[in-house]
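Alright, structures below, take your time with them.
Next come two complexes built around chain A: one with chain B, the other with chain C.
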Partner chain A sequence: MNELATELAARYGARDWHDQRKDLASIWVDPIRIHDTLAWLKDQAGYVHLSFLTAIDNIERKAFTMAYTLRNHERGHSLIVHCDIDRDHPVVDSIHLLWGQAWTYQRELKEWFGIDCPGSPRKDEEFVLEGWDDLPMMRRDFDSLAYSQATYEDRPGRETADPAAHMKQKLYPEAPL
Partner chain B sequence: MKRGQHHIIPPAERATPDLNSGKYLVMWQGPQHPGITGNMSLRLVIEGDTVVDCETHVGYLHRGFEKLMERRLYMQNFPLVCRIAVPEPDFNEYCYAAALEELAGIDIPDKAVWLRTLSLEMIRLASFLMWIGGQAGAFGHGTIAQWSVTMRDYVLDLFEELTGGRIYHMYIIPGGVRGDVPKGFLQHVLETMDTIEKNLNDIELVMFHNAVYKMRAQGLGYIPPDWVDTYGITGPNARGAGVARDLRKDLGYLAYPRLDFQPLVGKVSDAYERSQLRLGEMFQAIDLIRQIVDKMPKDGPFREKLPNPLYWKIPAGETYVAAECTRGEYGFYVVSDGTDRPRRIAVRGPSYTHAVSVMERLVRGVNIADVAGLMVSLHTYPPEIER
Partner chain C sequence: MSDKKLKPAPLPNEGLLPEERGLFCDAAPREYEAAKGWVENFLNWARAESLWILGFGTGCGAVELRPLMTSRFDMYRFGIQARPTPRQSSVFVIGGYASVKTLKRIVRSYEQMMGPKFVVALGSCTINGGMYWDSYNTIKRIDQYIPVDVYITGCMPRPEALLAGFQELKKIIKSGNAEGQNLYARNFEWYKANQKKVIKDWNMPDYNW
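== the complex of A and B ==
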């Protein structure tokens, strides 16, 4: 697999190869080279299967980390390809022409993280959420608890909406709150 | 290599019917329709009784699991992960537990390996038994569902005996499994397998030799083999197209390398063959369960000691753990930042591909009466799309 790391480094400046298991590794590339890296891996290196793609909100360093997980069935090896994109301007190349199911993931990325993949089919259509007008829900600064408290009423029969306090009251009523 | 030199996939051709022409009808199938698997809907454009265009709509069962899991302790997520796929929660439990064990550097006892494998094969059988009722029912063969759901209940009885729960088991936990087998349980397993095997023989005779079922399922929903990589198709849908991939063999996780089996492969790749293939996998699951009962250690620990789950911090890192569920590749991508809660968990369910991209393409040109049968033949399950 080190040959692949060397090849990727030479071709696309890929770095930080990390073997998580003997059948799983990860590598980082610059976002501007993500499309070409994935295309080469698919067409030339046998990583023909896109298991999934998603993002991680690294709000502390103002970046979304993309994670494209590919599998090479011949070698029995999976590779997670990462790139960081600017959190304030979250745009990354679309890969819908490389894999037929990628547009669905990219539609999800737009709705859940606000990450745009220009050219991806139906990317601006609602996917899972309907009439959503808050921050994209998978961003770290979207507070799901505050959203729930503002949107829904508390379940009746509870003195507190805090599950920990409720269970403490229920199980140990004599203990101070 | 410059862009444009790669092998690219042309965007799926969409029909653009003139809806004002009076020639077409827009019809919604679902979200509450017996021909829809789970809570999902299809916006169909039909001409006469033929579908010319389809849009899939999901979101009716979105519960925000991936977001909720970021707020909870690792152990608190167990009641959530199993609920992502109701018919087969154990695959979620396994992928999540195995991912945490890998990141935390925990090895599990051999007996736990076997009990996990037993649990996964039992739920595979139960899930297929539910599916085959839906597949037969979609073509008007309701009797099969009554038989198969009864058989599924017998498997759920076994789960109740083993775990205390019928639908959600929370049996596979980090470090191993939650409990050992109760006294007499393995004998009950073998007796139940005999009962189900006999019933499956009846189902095979009644369903697969039925002229109506053959006429409607044969030739329906053909998946070309070159779509398998193009669309990320996995499981029986890929194996039906002649692609012999099975993660149980390819990844060799749990006790599968110590079991004697080969992936079942088809070549016709239509709804009829996919259903035959799944029936074959049900017999195969019975065989695997018998092998497990025969080979598993009868004594020894079933769980490794864990740190206090309320203060359990997983070292920073990421991993992706996948398993072969009834529908194909099921996986958990887990990112830890070294705290007591996950940074990110992403769930990869096979229906994400099969029920959206593949379904939208396959359904064009299909008779409206066969849409349900086609969808069930892909064995889709929408909640794993929405997570």
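== the complex of A and C ==
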């Protein structure tokens, strides 16, 4: 697989190849090269299957990390291609022309993270939520508890126990808390 | 009992397009008018002994409804059976957590059911939110949106608990205390305000009859 790492580095400036398992590796590229990298991997390197596409909110470094998981069925190897995009201006190339199913993932990314993929079909339509009018809910600066408390009525009298303390008390009542 | 002299104002149906409004009902729900004397007791007995469930699994707890159909639990011996449409059903089983998207369908289905109708809320999610207490998209109390006759606790309750819940519902119906439909009609504006507070893209009639 290191040949592939060298090839990707030479062609697209890919870096930080990391073998997570024997059949799974990850690599990083610049966002401007993501479409070309994926197209080459699909057409020339045998990674013909887009098995997953998602994003990770790395709010600390103000970036969304894209994760495109590809699969090479001949070699039995999966490759995750990462790229960081600007969190304040989250736009990334659409890959729906490479893999037809990608537009569904991209519609999901638009609704859940606010990541825009210009040209992706139906990307502005509602996907899972209906009538959502707040921040995209998978962003880490969206406060789910505060939203829930402000929107949905509580039933008074509910008590919540810390699971660890509760089980300790139940199993070992003589032990100090 | 409803006051027949006061005719309530038609519902505005603002969620519908103006050209569609004439196609839908604009009357608010009315309270059920009980028959006199022993006839109502007889009707309640008949209702209690033929509980027809709306076959709409609204959450994960609905998986516990399936075993009721099997010979081991056999709900049919209690006169309980599932029906495919709200019009044929008298019992709505809220099967656990209800997301806002599902709540919209729950309200719609509940309002389409023929009266007298009863609601069994299943699982801790319907009571106080359960494990979805901090979810952005799951309501915490179903009784804010539709009236509930019986709660069955547990996460999730076993089929035996469901059968016990149905027995409880039967007792309530036979005693003439299953007032859910009347509560809904009486407090219609309150229920509707609660529903519209969370269902933000309201694009259906105000009363889906």
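In this section, the second predicted complex is superposed on the first by the 155 of 177 C-alpha atoms of A that agree within 3 Å, B and C clash if a C-alpha of one lies under 4 Å from a C-alpha of the other, contacts with A are read in each partner's own complex, and residues count from 1 in each chain.
Keep this in mind: a residue touches a chain if its C-beta (ideal position, glycine included) is under 8 Å from a C-beta of that chain, and two chains touch if they have at least 3 such contacts.
Computed from a predicted structure; not experimentally measured.
Engineer: Under the superposition described at the top, does placing chain B and chain C together on chain A give a clash or a fit?
Structural biologist: Fit.
Engineer: Considering only the touch criterion stated at the top, classify A:Leu145 as touching first (chain B), second (chain C), both, or neither.
Structural biologist: both
Engineer: If you stack the two complexes on chain A, which partner ends up touching A:Glu153: first (chain B), second (chain C), both, or neither?
Structural biologist: second
Engineer: For A:Met137, decide between first (touching chain B), second (touching chain C), both and neither.
Structural biologist: both
Engineer: According to the stated criteria, A:Ile80 is in contact with first (chain B), second (chain C), both, or neither; which is it?
Structural biologist: first
Engineer: Can A:Leu97 be said to touch chain B (first), chain C (second), both, or neither?
Structural biologist: first
Engineer: More residues of chain A in touch with chain C or with chain B?
Structural biologist: B
Engineer: Quick one: classify A:Leu129 as touching chain B (first), chain C (second), both or neither.
Structural biologist: Touch status of A:Leu129: both partners.
Engineer: Which holds for A:Thr6: it touches chain B only (first), chain C only (second), both, or neither?
Structural biologist: In the superposition, A:Thr6 touches no partner, neither chain B nor chain C.
Engineer: Measuring by CA atoms in the overlay, how small does the chain B-chain C distance get, in Å?
Structural biologist: Between chain B and chain C, the shortest C-alpha distance works out to 5 Å.
Engineer: Of the residues on chain A, which ones does chain B touch that chain C also touches?
Structural biologist: 128-130, 137, 142, 144-145
Engineer: Can you tell me which positions in chain A touch chain B when the two form their complex?
Structural biologist: Residues 11, 20-21, 23-24, 26, 35-36, 39-40, 42-44, 48-52, 54, 56-57, 67, 69, 73, 76, 78, 80, 96-101, 103-105, 121, 126-130, 137-138, 140, 142, 144-145 of chain A touch chain B in their complex.
Engineer: Can you check the complex and tell me which residues of chain B touch chain A?
Structural biologist: Per the touch definition, chain B meets chain A at residues 1, 3, 6-12, 58-59, 62, 64, 66-68, 70-71, 102, 227, 229-232, 245, 250-251, 317-320, 322, 329, 331, 333, 335, 343-344, 346, 348, 352-353, 356-358, 385-386.
Engineer: How about chain A: which of its residues touch chain C in the complex?
Structural biologist: Those residues of chain A that touch chain C are 128-134, 137, 142, 144-145, 147-148, 151-155, 158, 160.
Engineer: Quick one: in the complex, what on chain C touches chain A?
Structural biologist: Those in contact with chain A are residues 100-101, 104, 127-129, 133-141, 144, 194, 197-202.
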